[in-house]
Structure formats: structure tokens, C-alpha cells
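Listed below are the structures to be examined.
Look at the two complexes coming up: subunit A is in both, with subunit B in one and subunit C in the other.
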Partner chain A sequence: MPPPAKQPNVRVVTLTIDGRDLSARADETIIEVCRENQIPIPSLCYLEGLSVWGACRLCLVELAGQGRLLAACSTRVTEGMQIQTNTEKLQRYRRTIVELLFAERNHVCSVCVSNGHCELQHMAQKCGVDHVRVPYRQASYPVDSSHEMFRLDHDRCILCTRCVRVCDEIEGAHTWDVMGRGSDCRVITDMAQPWGESDTCTSCGKCVQVCPTGALVKQGTSVGEMVKDQHFLPILARRRLAQ
Partner chain B sequence: MSTSPKITVATTWLDGCSGCHMSFLDMDERLIELVQQVDIVYSPLVDTKTLPDHVDVGILEGSISSEDDLEKAHAFRKHCKILVSLGDCAVNGNVPAMRNHFKLADVVDHAYRDTVTVQPQIPTRGVPALLSVVKPIHGVVGVDVFVPGCPPSADAIWYVLSELIAGRTPDPSTVTRFGA
Partner chain C sequence: MNLDDLADLAEQYRAIDANVEREVRVCMAASCQSSGAAPVRDALVAGLGESQPSCKVKGVGCMGLCSAGPLVSIADRDGSLEESTIYRDVTADDAADIIASLDGPPVERLRCPTDQPFFARQQKIVLENAGIIDPDSFKGYVAVGGYSALIRALSEMTPADVLREVTDSGLRGRGGGGYPTGLKWSTVAKMPATQKYVICNADEGDPGAFMDRAILESDPHRVIEGMAIAAYAIGANKAYVYVRAEYPLAVERLQTAIRKAKRSGFLGNKIGDTQFSLEVEIRLGAGAFVCGEETALMASIEGLRGQPRPRPPYPAESGLWGYPTLINNVETFANIAPIVREGGDWFASIGTERSKGTKVFALAGTITNTGLIEVPMGTSLRDIIEVIGGGIPGGKAFKAVQTGGPSGGCIPAQHLDIAVDYDSLKTLGTMMGSGGMIVMDETSSMVDVARYFMEFCMTESCGKCVPCRTGTQQMHGILDRLAKSQATRAELALLEELCEVVQATSLCGLGQTAPNPVLSTMRYFRDEYEAKLGDA
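This part shows the complex of A and B:
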């Protein structure tokens, strides 16, 4: 589902974020308000222009009077909210989440095409992940190089589903989907056929550009060469909504 | 010249490419400054053959891949006050751990039989037995300071050592990352 269009006449609410008094439209989410006000909130699955998935949980925030943490990407602002975005508890949780992502698949940054241009790697450094405290899962995953232009390496996939959403919501091809459960989840093309045999893929490359890691890359790129460009996304998303 | 007592440093490489030690040497002229503050008491870079009983800082490069690596890691943990895991192989297994996805026997066969044309044979004398799973250093012993990077830059190593010499706990995330 594409993100819902903003309503023309929406109430304005007031709230505090990290002690700052702010006002926002009642149809906005916490992460949108934070981004507008230059309050940094880490995220991996959230991408402006795509629908909200709420899977990576990196954008967790604390809300006064609430015991549980809330995902800033999927929580709308309400009147009087008091939000904390960077407490010690949140930092601890975020660090653990990033470590679990590293432990789940096989990330060998030094030989990865996205080395130096990877959102997960960047997030690890930002969250102070200098090592992974849980044992590595050591599961083996295949690589799909059947597409003539692109390659899929499940070892680097963090299941953010950005590829699934951009292909469905912006390109309109819906080549991608998710198969399996829990840590056995995998992104698939069509009915789990090799990507190169896909009838639906238009080879537009949008999925490759929005993928935050080295999971989706251009064929022929070697270590550190895969640089992604996501500037097109908010522009295309706005044009889609205007249609 | 500094008048404060020198700290003792021991280093060794386990399953790695020795690139982290090369990066250490990349400190160039800063090495001279360093020698005034540290004594390298054991290292592949010096002659000493035995690890002293008490070392202030132990630095391990490479992952735990063989019986020998395991022994060295335990010895370093036992004799060093502060243990530093230097480089991606030490910190997360990195390239050596890529063999974890295959059976050890298959890996050895591939390296010593399948891809060899003259006298294919598996070495048994003078080489330590390989472990079936490659682990980062902290997978077998406790580690105090983690310095990711492949290899960590000379600047990063300099920063970490300077902080340790000054008696502070370094935060390597500010100067290096996985794959750096």
C-alpha cells in the first residue's frame, strides 16, 4: 500500500521531543516530525516515499507514561506527547538490534561490494557496535546472479523489505515478495524463481538503489564499488501520489 | 623523553594475513615516540620467544582457527592485563570465518588435493590441527578492547594505544568500523 495522501485540513498538535516544544500535524508520525526538526532517529526499514513497514525497530522511542517502547515510524503524534529519542536504554536496545542483524546473516564487510557505502555498516559504527556479543548464526544462503544486470546476496539482506515496497509501490511491478518465517525469511522474486527468469521485473534497478546493504547490487561491482543513489525516491513518490 | 614508566605490550597473529601488524608499522615516525612509552616484550616483530608472565597490554590479530590459535589466545588472556582484539578477523571472524559454511574436511581437500596438481597431500607434521569452526577472539576468551577494521588504520591503532598508555579506555568506534 502506498503511503496515504496527507489530508488538507488536519488539526495541529503540540508535543515535546527531547524536551523541545514542537507542533505538528496530527496525521504525521513521530519519525516525520523528528526528521523535519533535525532530530536524528536511526532507521533501516523506513524510507521516505515508501509505505511504513515497522520491522527493524531501530527508530524506537520512549513515551512518557508508557512502559513499552514505540516505533517512531509507525506511531502518529498526539496532543501532549512527551517523547525521548536518545536515552541510554534506547541506545542499548539499538546497539543490540544492530548486533543481532550482524549475527543473523553473514556480513564480511572487508570483501563486500557495499563496503564504505552501507547503511547497516554505518549504523553499526553510529551505535558503537565494535563487536557482536551474541554467537553468529552461521547459516548458509545462496546468491542469485541470474539477472543480467543485478545480483542478490541473501547473506547481506536484513529483510527491511525496501525492495519489495519500492517495486510494488513506485515501479508497480511487484516482482519481490517475502517467503518463510522468522530468521528463515527470504526475499524472493516472483514465485521464488531465479530473478533472471522473472516475467515481471522491468530491470529498472529501483530495488537495487533503495537496498540499504550489499544484498542487492549491480553485476560487475567489486569491493566497495557499489554506491547507491536514493534521491529519486521522494520525487517519484510525490509524482505517484499526484497522479 | 617521557619519564613515566613504560607499559609492556605483547602482540601476536593468529589466523589473519598479518595486515594489522603491517598497519601497526604504518605508524611510521610515531613508532619512535611509541618506543619511549612502551616495551614490546613479545611479538612476531621482535626476537623474544616466550610470553612474559605479566604483560600490560596484549594485542591479538586474526581469528581462532586452529589448536595453536586457541592456545595462544588462552595464554594471552592469562598473562595480559588488557586484551585487545585487533582487526576484523579478531573481532568478527572476517575472511577466515568464511570457511565456516563448508565442512572442514571439504575445505582441506579442496586446498590440498582438488586444486593441487603435483603431489597432492594433506600436511600433518609441524602444522596445528584446524578447528571445525572459526571464531572471533571473544568467542573463546574475554576481550577488553575491540578495534574493528581490515586492517584498522595506523591512526586508529595509534589512538587506541595512546589512550591505553594514558590509562583511559578507548572508544574505537570513533575512529574505525567493520571493513574500514
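This part shows the complex of A and C:
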């Protein structure tokens, strides 16, 4: 007689997404289930392997029977959920959010090293943003080139905090943080010192690789070279978890 | 300790001042202190000296009519506010006249009639001790029956009994949202956990609101007692009061109250000789509006940046350091002792069908009587503004009242007869909020009002989520151009669309409600927006 099967503690639920019947583990989030099933959900702050931040709001989806939208990255699936991921309303909201991001800092792609490899730029294309209706804010933030290998350009930053999270959660250095309020928020290194003077930075470059835009780049690279590589993240994240 | 022991203690404390027949009460809350209450008290103390041992000068909490401060009242030892003689705008020079009049007729030139509706029409539950007891006196609180609700709960009721009374009372959270308190308590009580927390939200950041500050400054033990009863009901042994550092007097009185309650065995280990223990700690907030939001507040207590996180999980399930946490507003906790004392049914008999009890409001703006009032839920706005508030001064006409602060909206004259409760205000596109009411006369511009609140939200946005962080900024830009008659019709349409997006997509309540002042002023005063268009 075989030993009694050990029941894992997680239940399986069924739900529909855009009319498709799907099953999922009850501890999964909507975005995870969508990614498994090749259902596209736009996202900028979410990155597999990092903690959930829930700040870009591009992943919002509609849930039948509820007026309030849900962030796919921070909402767990439950039994019987009926989700719509791409309604006219959601498309309109996403377009506006991307426009707001473009206007907040100075995104002029033609003079940016990340041109062609930028997640914000891709998002704009995917969401159908062909012009920005709100005025550019034109705040000029400084560029920090003090690090011998990397450069930080606040004018391209969308405050997704991927750099903050990867440095804290994966590298374990916690060099990055955020200071300020509202649109004056800025990412900082250590106690708002120049990056090159940071005591904690290990120069591992993880923050540069996970940064979705041209805010964090390698010094001296050309537009063609500045391609980011994020494949290391899920692998490292799983190893950290296993430890 | 049982209720009889406590009654004996109260009797002992009352006996200390047995010879006192009359009290000269000086309001020592922040507002009256800022208009010079301390010199008045000192002059009264010096003037009275030992000449009349049956009369005592006493510093008390808020009497409500803050615009007329410093306030002094003369009352029989147990007299209520309405039964006393109240003097307004008192200076140290008036002390001699007040003392001289103690045996005769009152000083007419200082007198503030207590039969006027401002005093007569109020019903005080939360503020029943405010302006009467000395907030720094533990003995004074016990002498008026303080801590009897806690001792009753501990000695005669199970946690389930307490939960039932609170649920039966129909009390809804006074911090803004109006979530049923009993339901919140039962949810936390049901959570299986080794550790649970209670938090009192005393962050109070709405412009024009000072209800929570006044409660803490007038009757701090009352709040602590409510928190202790809550902790007993849900099974917590550790509580925090999160109060903004801009409230130094409230903090000081709270500290004194916690210290004295602990020394007398009403906080700390084995309270009232039962197995129940509770530590209460104060945490100071640096004064960021968003830190009133419960998840941001908890992050701040944990020592992190005060930023909200997505809910669920709600604090009831996963709060401070991941443990189940009950978080309530100051005024919510201040309602608990009377509910336990008089019973949930008694509380539920006051107010309206779906909003029970009373509500404390802070009246501000162009209104004759500015200050603090407490009225039953369901009192009409007209009663509050025209009768209790004394109407608009200077012969001007009423235009609108703003309720709910930056999350709320404006109510025009045609809706003045509405009965104020959570749900009726929502139907008008505004909300109860924490209880601030800003009254505006015909001279105020509604576009300016909307711009003011948008500027507040823009500068107080924590910067975490995109729609709130940059949407409020773009909305403020358009409102600013509108106010200067520079905006186009297309920009007005964009403003409306941004309102929708920011409301629907923001992460926390700050962003979700930031468009409300714009939407409500547009709803009732659209013509003012149209008249301001640059290309009209």
C-alpha cells in the first residue's frame, strides 16, 4: 500500500480571463496566471523575481461585479473570478498613464541611449500613444556620472523602484532608496551622495540591467549596445528563495 | 478590581476636593492657549489666592467655541457646560472682575449666553468630559466614572460580549470611510495569531480639521480606555497611538495619561487584577497627510518610508509586521467607553438608520461660531450652519460648505436641508471625512477652492503611483490656468478625463479621492468654470 499522499497546502481555483477558462494555484497573482497563459498585461514596475510594488498601475484589470479596478500584479486569484484585461476603458486609462509618465520627466527618445530598447517606449507603442496631450513638466534634474561604470539620469526615471528592490532583495546591498514627495521624488544612492562615492554599491550592475528606461545605463555605450539583460533575475530569485 | 472597588476609588478621589463648591474652568486646549489662556489662568489663580477655599481654578479641555477664546466658565462642581456661566475673549485684566462677581451677578460684558443654540443644540457623548475635567488629572477622570467601562468589560464581560455591544451599537469608523467598527473588530478577533496589535490613528491631516486633536487635548484617558477595551475584545497586548508631531500639547497630555494610567494599574501587566495586559506606546508622525492612510501609517510605525501598499491584505489580516492589526480613529475609540457603559442599543437609538450616534464637526471658514460641535447624526446641514453655527457673518449669503477635506466636496445652498450622515453626503458627491466643515460665502470662487485642494493633494502625494503623483500635478496646472482665465475648453475636457483616470487607477485613497473637490464643484458650479475659460 502506498503511503497516504501528502496534500500540499495550496488549493487550485478556476477563473475566466477574457472569456477563457483557466485554472490556477490560489497563491498566484492575476499577472502570473496571465503570463503563464500568454495573456498580455502591460506592466512597468512588476518584474518577476522582485517583490510586488503596485505603483505603475498599468496592469489594472476589470473584475465582473466590482466597480473598482484591480492591479493584476498585487491581486491573488480567487475561485470564480471573471476578469477582463483589455476593455476600451482600460486601454484609455493606460494611454493616459503612459502620457503622464512621458510628461513628468524629459523623455526625448531621439537623444536617449535606450532608444529602441526601452520598456517605456515599447509601452507607448503598445498602448497606442502617438502624442502626449499634457504639457511636459520640463523640470531639469541632474545627471550623476560619478560612478566609474554606470550613469544615472533622473530625467529618464519613471520611479518604478526596480533598482531599489533588486539592490535590496537580490544583491543585498540596499544602496538605492527614494527621497522626496510627489513628482519631486528621486532615487538616491546611500544618503543622497553621488553614486561614485557610495560605500555600499558593489558595482554589480543589477540595477542597470533591471532599469526599464534610459535612467540607468553603462557609461560610454552607444545606442546599439545599451541592451538590458534581465534573464539572471528569476534564476537568482529562485536561488535566494531556496536558501 | 471590580466595579465596586472602582466606585470606591472614584469616591475617594471626589472626597479630595469635597470642600470645593464651585469651579472656575479655564480652557487650556491649544486654540485658547494660543489666544492667551495661560495668563488668564495665572491671573485667576493669583487673584483668588486662599480667599475662597470653596472655589477652585481648574485648567480644562475644549469648550467648543474656539473663535471666542480664551473661554472661562464658572460652574458648580459637577455642573455641565450649559449649566455654567461662560465668559468669552477673557484677558488677564478681566480676572479681578470675574473673581469679584463670584458671589453676585455675572460680568455681563464678558458673558456668552449658554442658552444660545451653539450650546443648547449639541448632544455630547464623545465630548461629554471636554471643558469639564482636567485632562492631566487621572483622579479627575476616575471621579467622573472613567475606566468603569474597561473594568466592566474585564470583570463582567467576555471579549465576545464586548464585540456584540460594539456591533449592536452600529458605530461606524470616524476616520472618514465609515466602515462598521464592530465588523472590523470581529474580523481581527477571529484571526488566529500569537500576536495582534491595536493602533489609534491620530494623524489628522485634513486642512481645517481639529476634532481628534481637541479630543486628545481634552480627554486623553477616554481614548486610552477605548483602546484598552478594543485590545481586550480582539486579543491584543500591544497598542500604538500614531500622532503627528505638530500636536505637541496632545502628545504631552497623552504621555501624561499613559504614565498615570500605568502607575494606577489601568495599563501594563494584569490590568484590574485580570490576566489582561496592555502596553501603549506613542509614535510620532512627521506630518505627512498620506501617513493617515492605514497601510502607510503602519509602514511608518515599522520605521519604513510612509507609503501605502495595495490592499488586500487588509490590516485586519496582515498589519504591523505582518500580524493582525486593528486600526481605528481617535473619535471612534472615544465612543467605546459610553457604548460599553450604556449598552449598544442605547447608542443605536441615536442618529439615523445607517449612521448611529453623534459626530464631532470642526466648523471653519466664514461662519459666525467657528469651533467644535457634536451633534447627532442626521442633524440637517442647515441646522448646523445657520442655527448652531450662527450663519454667515457680515450680511453675506451662503454659497457652499466643503466637507470631507481633500477627499470630499462642496455642497451648495439647495441641498442645505439634507440630513448629515455617511450615505447622504455620498449621494451629493462629497463625504463625511473626519468631520471638517469649511463654510464659504458668496464671495468665494469655486475654481479657487478646487485649485487649493488639488495643490494640497499634489504636494502631499507620496509619489509612489503614477496617476496620483503626476496626475494631480497636471490637474493642478489646468486649474491654475483656469483660475487665471488662461485655460481652453480642450483643457477643461482633459481635466475631466484626468479626474476619471486618477480616481479609478490610483493606489490609495489619497489619489482615488483627490479629484472629488473638482468633480463636486464642477457638478454644482459648472458656470464658474465656463466663465473662466480663456477661449470662451
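The criterion applied here is as follows: the second predicted complex is superposed on the first by the 231 of 243 C-alpha atoms of A that agree within 3 Å, B and C clash if a C-alpha of one lies under 4 Å from a C-alpha of the other, contacts with A are read in each partner's own complex, and residues count from 1 in each chain.
FYI, contacts are C-beta pairs under 8 Å (C-beta built on N, C-alpha and C of every residue); 3 or more make two chains touch, one makes a residue touch a chain.
Predicted, not measured: the structure shown is a model, and the values here were computed from it.
A.B. asks: Fit or clash for subunit B plus subunit C once both are placed on subunit A?
C.D. replies: Superposition check on subunit A shows subunit B and subunit C fit without a clash.
A.B. asks: Could you look at A:74 and tell me whether it touches subunit B, subunit C, both or neither (first, second, both, neither)?
C.D. replies: second
A.B. asks: So, does A:110 touch the first partner subunit B, the second partner subunit C, both, or neither?
C.D. replies: In the superposed model, A:110 contacts subunit B only, not subunit C.
A.B. asks: Figure out whether A:180 sits in contact with subunit B (first) or subunit C (second), or with both, or with neither.
C.D. replies: The second partner, subunit C, only.
A.B. asks: Can A:121 be said to touch subunit B (first), subunit C (second), both, or neither?
C.D. replies: In the superposed model, A:121 contacts subunit B only, not subunit C.
A.B. asks: One more residue to check, A:135. First (subunit B), second (subunit C), both or neither?
C.D. replies: A:135 contacts both subunit B and subunit C.
A.B. asks: Between subunit B and subunit C, whom does A:57 touch in the aligned arrangement: first, second, both, or neither?
C.D. replies: After superposition on chain A, A:57 lies in contact with subunit C alone.
A.B. asks: Check whether A:83 is in contact with subunit B, with subunit C, with both or with neither, and answer first, second, both or neither.
C.D. replies: A:83 sits against neither subunit B nor subunit C.
A.B. asks: State whether subunit B or subunit C is in contact with more residues of subunit A in the superposed arrangement.
C.D. replies: Comparing subunit B with subunit C, the partner touching more subunit A residues is C.
A.B. asks: Minimum Cα separation, subunit B versus subunit C, post-superposition (Å)?
C.D. replies: Least C-alpha distance: 10 Å.
A.B. asks: Using the superposition on A, tell me which residues of subunit A are in contact with subunit B and, in the other complex, with subunit C.
C.D. replies: Residues common to the subunit A contacts of subunit C and of subunit B are 133, 135, listed in rising order.
A.B. asks: For the complex, which residues does subunit A have touching subunit B?
C.D. replies: Contact set of subunit A toward subunit B: 102, 106-112, 115-116, 121-122, 124-125, 128-133, 135-136, 138, 140.
A.B. asks: Touching residues of subunit B toward subunit A in the complex: what are they?
C.D. replies: It comes out as residues 85, 88, 91-95, 97-98, 100-101, 133, 136, 138-139, 143, 146-148, 150, 171-173, 177-179.
A.B. asks: Which residues of subunit C touch subunit A once you look at their complex with the stated criterion?
C.D. replies: These residues of subunit C touch subunit A: 288, 305, 309-310, 312, 458-467, 469-474, 477, 494, 497-498, 501, 504-507.
A.B. asks: For the complex, give me every residue of subunit A touching subunit C.
C.D. replies: 52-57, 60, 68-69, 71, 74-76, 92-93, 96-97, 100-101, 103-104, 133-135, 137, 158-159, 177-178, 180-185
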